[in-house]
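Look at the two complexes coming up: chain A is in both, with chain B in one and chain C in the other.
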Partner chain A sequence: MNRNRSRNIFIFTCITPALVLFSLFMVVPTFEVFRMSLYNWGGLSGNKTFIGFDNFKVLWNDMNFIQSFQNSVLLIVLVAVITIVIAVFFASVLTKEKIFATNFFRIIFYIPNILSVVIIAGIFSAIYNPRTGLLNSVLGLFKLDQWQQQWLGDQDIIIYSLVGALVWQAIGYYMVMYMSGMASIPESYYEAASIEGAGKFKQFSAITLPLIWNNLRTTLTFYIISTINLSFLLVTAMTGGGPDGSTEVFLSYMYSQAYSNSTYGYGMAIGVVVFTFSFVLAAVVSRITKREVLEF
Partner chain B sequence: MKQEKRLNTDTLYKIFIYVALITLAIVIIIPVAWVFMASIKENQEFYGSPWALPNGFHFENFREAFVEAGMGDYFLNSIVVTSLALVFLLVLSLPAAYVLSRFKFVGSKFINGFVKAGLFINVSYITVPIFLMLLGWDQSLRTLFDEGFFLNNLVVLALIYAVTALPFTIFLLSSYFETLPSDFEEAANIDGAGYFRTMFSIMLPMAKPSIIIVILFNFLLFWNEYILALTLIPGDKKTLPVGLLNLLAADRAAVNYGPMYAGMVIVMLPTLILYIIVQKRLTQGMTVGGVKG
Partner chain C sequence: MKLKHILLALMFMLLVGLVACGDSSEDTDTGGDTTGDDNTEEPSGDTEEPAEPETLHVAALESAYGVEVWENIIAAYEEAHGNVTVDLTIERNIEEVMRPNMQAGEYPDVFLLATDREEGLTETMIKENALASLDDMLAMNVFGEQVTVEDKLLDGFTDTLATNPYADDETYLAPMFYSPTGLFYNAQLLEEYGWEAPTTWDEMFELGEKALEEDIYLFTYSVAGYFDTLLRSMLYASGDVDLFNAAMTYEEGIWESEEASRVLETIAKLADYTHPDTVANANPNDFVRNQQLVLDNEAIFMPNGTWVVGEMAEAPRADGFEWGMMPVPAFEEGDTRYAFTFFEQIWVPSQAENVEGGKEFISFLYSDQAAEIFLAAGAAQPIEGIVNMMDDEQAFFYSIYSNDVLPAMGTFASTEPVPGVNIGDELYVKIDSVMSGRVTVEEWINSLESANDSLRPAMN
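Up next, the complex of A and B:
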């Protein structure tokens, strides 16, 4: 009996601080996002009136929001596709081929992942600088002057410049993830396939890809969540949504509505839509890519 | 004849692989190295070719960044916030993870699910409500004491960092505690050790490898974070990334590149040094259960 009581006291003391703070600083604010989206909340004055779903109706016709929506979707798709191709290629090369200094390459490729987004913004501002930037001067070096661009000044190009920065920072992380999946595939499969006369590409498509499929599927959800988040952090640090809203993404638009415009309710309505969208997108993607899990 | 052709494509393939590997390595390492080089250049050197080597070591940039741009103070702030946040995180998460993974009690299943749901909450979404909540608390305090407490407070910022890292940390530590056999606890029980004693002197020391991974990951997370720091510290007690953000904006306008790159070096040098020391643990630990921020 006594032991039972001290067990309860122990359990209570151990979990209460974490649970209380978790509820206070994460769960309550999350509910606040949903609640505030139903109010017309006019900034710091604290005037709020309940308006139901009016914020969402306005959102439906807000061209700036639609622009940020298009930008976000474009970023998610391009970053995911390009990163997967590059990361899977390098992961399979580093696990399957006998490469000199495998470790060296793995260490180097992972470096962008440990840098702050602010640093990445600074680095890519230097790379994309039109006059003294690294990219334009490399193009000049190879006599490709006609490819030189205003990478951060041209509204049609800037979004692809952001793709470059996001892919640059993501490759190493996902490569390491895929490498861990590939490392567990038994070598004998490849030997057998090689004896049967299967080439490298055939081996990749018939053995590697099906066996890391689940690994790939999980990372698709990561791409959706992390691209929404990182594109916001990068845009805020690098372009501030400009020029002229051409790099505004989901959360940066939410942020600018909430702060600069002081329409908190409207900003939170954007948050709700984005959150729902990312959830639904992740569910749909995971549904379509479902295959029977292969055992090995 | 056929053999020879095969050999040829193999060699070509090998060459292709190495070219690809080296290209990517260059694409990643050159910009980072270039920042280091730029940080010791004098201002007029930036108008020439970006590939020119620096004329000399212009350490004046670092002095300007540290003193005039305030990066020295911000550095100290970042150290305070990061280390406090790590302490808070371990104090909160270790007992909780231990109990949640090894004790069955009324509601334990629900609480586990509750914490796991937190994995889906992204800090970027809830920054605004957190800010408004702290602002509200401060306003009520001001009517009583003439002074706010929650905004512009590095300790509060550290606590919020720790809390936002809780779901993932508890998830990671729990999955480790679950793998330990229960023999240890039974033996400790027979020897008369109470629950607290068992946890502190037997179970927590065994979790050391996981604790190290938790510290590494969250050090990077806390050190590099800027959106919460930017929002919750509107005053001058900034952290390094926020200070760097100002430096990026100000120096682009005033075209004073040197201190900006010096500032970038100041922010990334600690993480790079740490990475070089522990890179193996970090990339292996990531596969234990990686969720990207």
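Up next, the complex of A and C:
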């Protein structure tokens, strides 16, 4: 009895600091964001006026916000789909095929992930440079002049240029995660399958994919969160949301409204929408990809 | 058991500490307010000389002029003013450094930060009516001199919306570091081909045709935001100060007027003569490449300010390159031409602890002594006789103004914050789309008018 009680006190003592810090620095600010979204406030002075849901009504009709929302969704979808395909492909090649210097490739693929976004922005603005950039120069080398583009100037394709940078950055990280999943699949399964006459593709779709499914599901949530965050950093460093808002993503739009346009309350309303959106999207994705977990 | 007690005690202390931290910011918040009130009353009760030591908190943006110039200024001020200690915060990202303090109620006494910056902190202060009026500062004598600040300042510098944001006579922001802007070019390039610097837009486009034959583009720009000075000069040139003020106060239908729309049409026409790489480079990462186009003789003109000379000082350039600067071309032969005068602003938050001290400090910045310190770093104060203090190269840019070239000054009138509407985005940033042909002049005018409709009722 006494022993139990002191045990509880001990647990309580250990948990409290984390709980206090968590609520102070995570829960309270999140509530503040929700509360601030109901105010008309510039962000600096004490003049706040409560305006209810007016900020959200304006948001509903704000075409710039809708454009930034579309851009964000496009980025999330494309980055997730393209990265998954490439990362799973390379992961399975590196784990299952006997190729030389596996570790070397693993490191090469992983390097972009440890670079800061500002450096990635620098690298890609050099790659996309219309005159001396790598991309246009290579296209010129192969006499594909008609494919040369203003990668950061043409408003129809600039968002895809961002996708390129984000995918390049993400592949290594996810590849390593998938590789760890694949490495734990017993080799005997593949041996049995090949004796039964299953080809490489069949082995991949019938053994590898189902057994790393849980792994894939978890990373889907990561894609949502990391694309929302990284796209903001990349856009801020590389394009500034331009030309004329064509690469504005919702966090960069939130920033420009909360600060440049002195509408802090409105910025927080955008924050609420982003928060809810990423939460709901992660839940939905997690729900529809739910399968029975296969044991091995 | 003992150990647990100790742990519990530690835990309790940590909690108390955290709670205290949380509270202290509110404490200083209210505390700051009351001391602020006390201070404003004190000088009226006290005699002229505040004998006790004073601390003055100065915040400034670290710009191209560097940090040392401010340290020199402060040393000079402290020397002249025995009992004042100046506490300087100077950073390149000054907004990010100061914003949290200001949100917690701790304001600097003096803040050097211009409008039209990405973070818009100064605009926020204006929109929230959080600046102290500087009218009494203008009436003060310049610190240590026998002339009032108002008389010493160059004419017109305190009559603009950039200093009197509420479109009345009350000055809230004092002008600092003025710099003429205009179209920058390679003077040697024009000489080489025997071209004259155009004085009207018709001549400008004629030159554009001639240049295209030589594979040189007429125009480029760093980022779309740099159109602010060009467009405002063009408004002055097209319809004089009346048109400019009407546009800056969001007058209904102003962009549909003939005079304003010809400004926008001229910009749209420039698209045909703009270097094709311009839009791709017009972002915070690559804008220097557009400036490089001028240095490499690939484009002739770009709108810019005198700071570009220092900014591109280390860049490679065409043989014999020589900076030239001209005012914006006129619309009709013989009309007055304008060159926009860019200046930074210094202001005092009304909730600062030492408002009076802040004003006195600003008055010192217009003294001959301070002006010389600033000038050594390349910054020109807008005071009488400043051009005489300059060396030849500086004087060349500052002597752009003459009888038929006038300075244009001012910015948009302040409004209450309007969510989702930013006139700068509609007027300048949209130019990227006008250049690429995605937005027609008509659509541009419509979006400007609808932005005006939202902003007009929100004017303070």
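The rule is simple: the second predicted complex is superposed on the first by the 266 of 296 C-alpha atoms of A that agree within 3 Å, B and C clash if a C-alpha of one lies under 4 Å from a C-alpha of the other, contacts with A are read in each partner's own complex, and residues count from 1 in each chain.
Keep this in mind: a contact is a pair of C-beta atoms (placed from the backbone, for glycine too) under 8 Å apart; a residue touches a chain by one contact, two chains touch by 3 or more.
Owing to the predicted nature of the structure, the values given are computational and were not obtained by experimental measurement.
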item	value
Partner chain in contact with A:N40 - chain B first, chain C second, else both or neither	second
Partner chain(s) touched by A:A237 [first = chain B, second = chain C, both, neither]	both
Partner chain(s) touched by A:F10 [first = chain B, second = chain C, both, neither]	both
Touched chain A residues, chain B compared with chain C	B
First (chain B), second (chain C), both or neither touched by A:W151	second
First, second, both or neither for A:P130, with chain B first and chain C second	second
Partner chain in contact with A:F56 - chain B first, chain C second, else both or neither	neither
Which superposed partner A:W168 touches (first chain B, second chain C, both, neither)	first
Which superposed partner A:G122 touches (first chain B, second chain C, both, neither)	both
Contact residues of chain A, present in both the chain B and the chain C interface	6, 10, 13, 17, 21, 24, 44, 121-122, 125, 236-237, 259, 264
Chain A residues within the chain B interface of the complex	6-8, 10-11, 13-15, 17-19, 21-22, 24-30, 32-33, 36, 44, 86, 89-90, 93, 97, 99, 105-112, 114-119, 121-127, 132-134, 137, 168, 171-173, 176-177, 180, 200, 222, 225-226, 228-230, 232-233, 236-237, 251, 254-255, 258-259, 264, 267-268, 271, 274-275, 279
Touching residues (chain side chain A, partner chain C) in the complex	6, 9-10, 13, 16-17, 20-21, 24, 40, 42-45, 47, 55, 58-59, 62, 64-65, 121-122, 125, 128-131, 150-155, 236-240, 242-245, 256-257, 259-266, 269
List of chain C residues in touch with chain A within their complex	1, 4, 7-8, 11, 14-15, 18, 22, 95, 99, 102-103, 118-121, 123-125, 127-130, 223-224, 276-286, 289, 351, 417-422, 425, 429-433, 436, 438-439
Touching residues (chain side chain B, partner chain A) in the complex	13-14, 17-18, 20-21, 24-25, 27-32, 34-35, 38, 46-51, 91-93, 95-96, 98-100, 103, 105, 111, 114-115, 118, 120-122, 124-130, 132-133, 135, 159-160, 163-164, 166-167, 170, 194-196, 199, 220, 223-227, 241, 244-245, 248, 252, 260-261, 264, 267-268, 271-272, 275, 279, 282-283, 286-287, 290-293
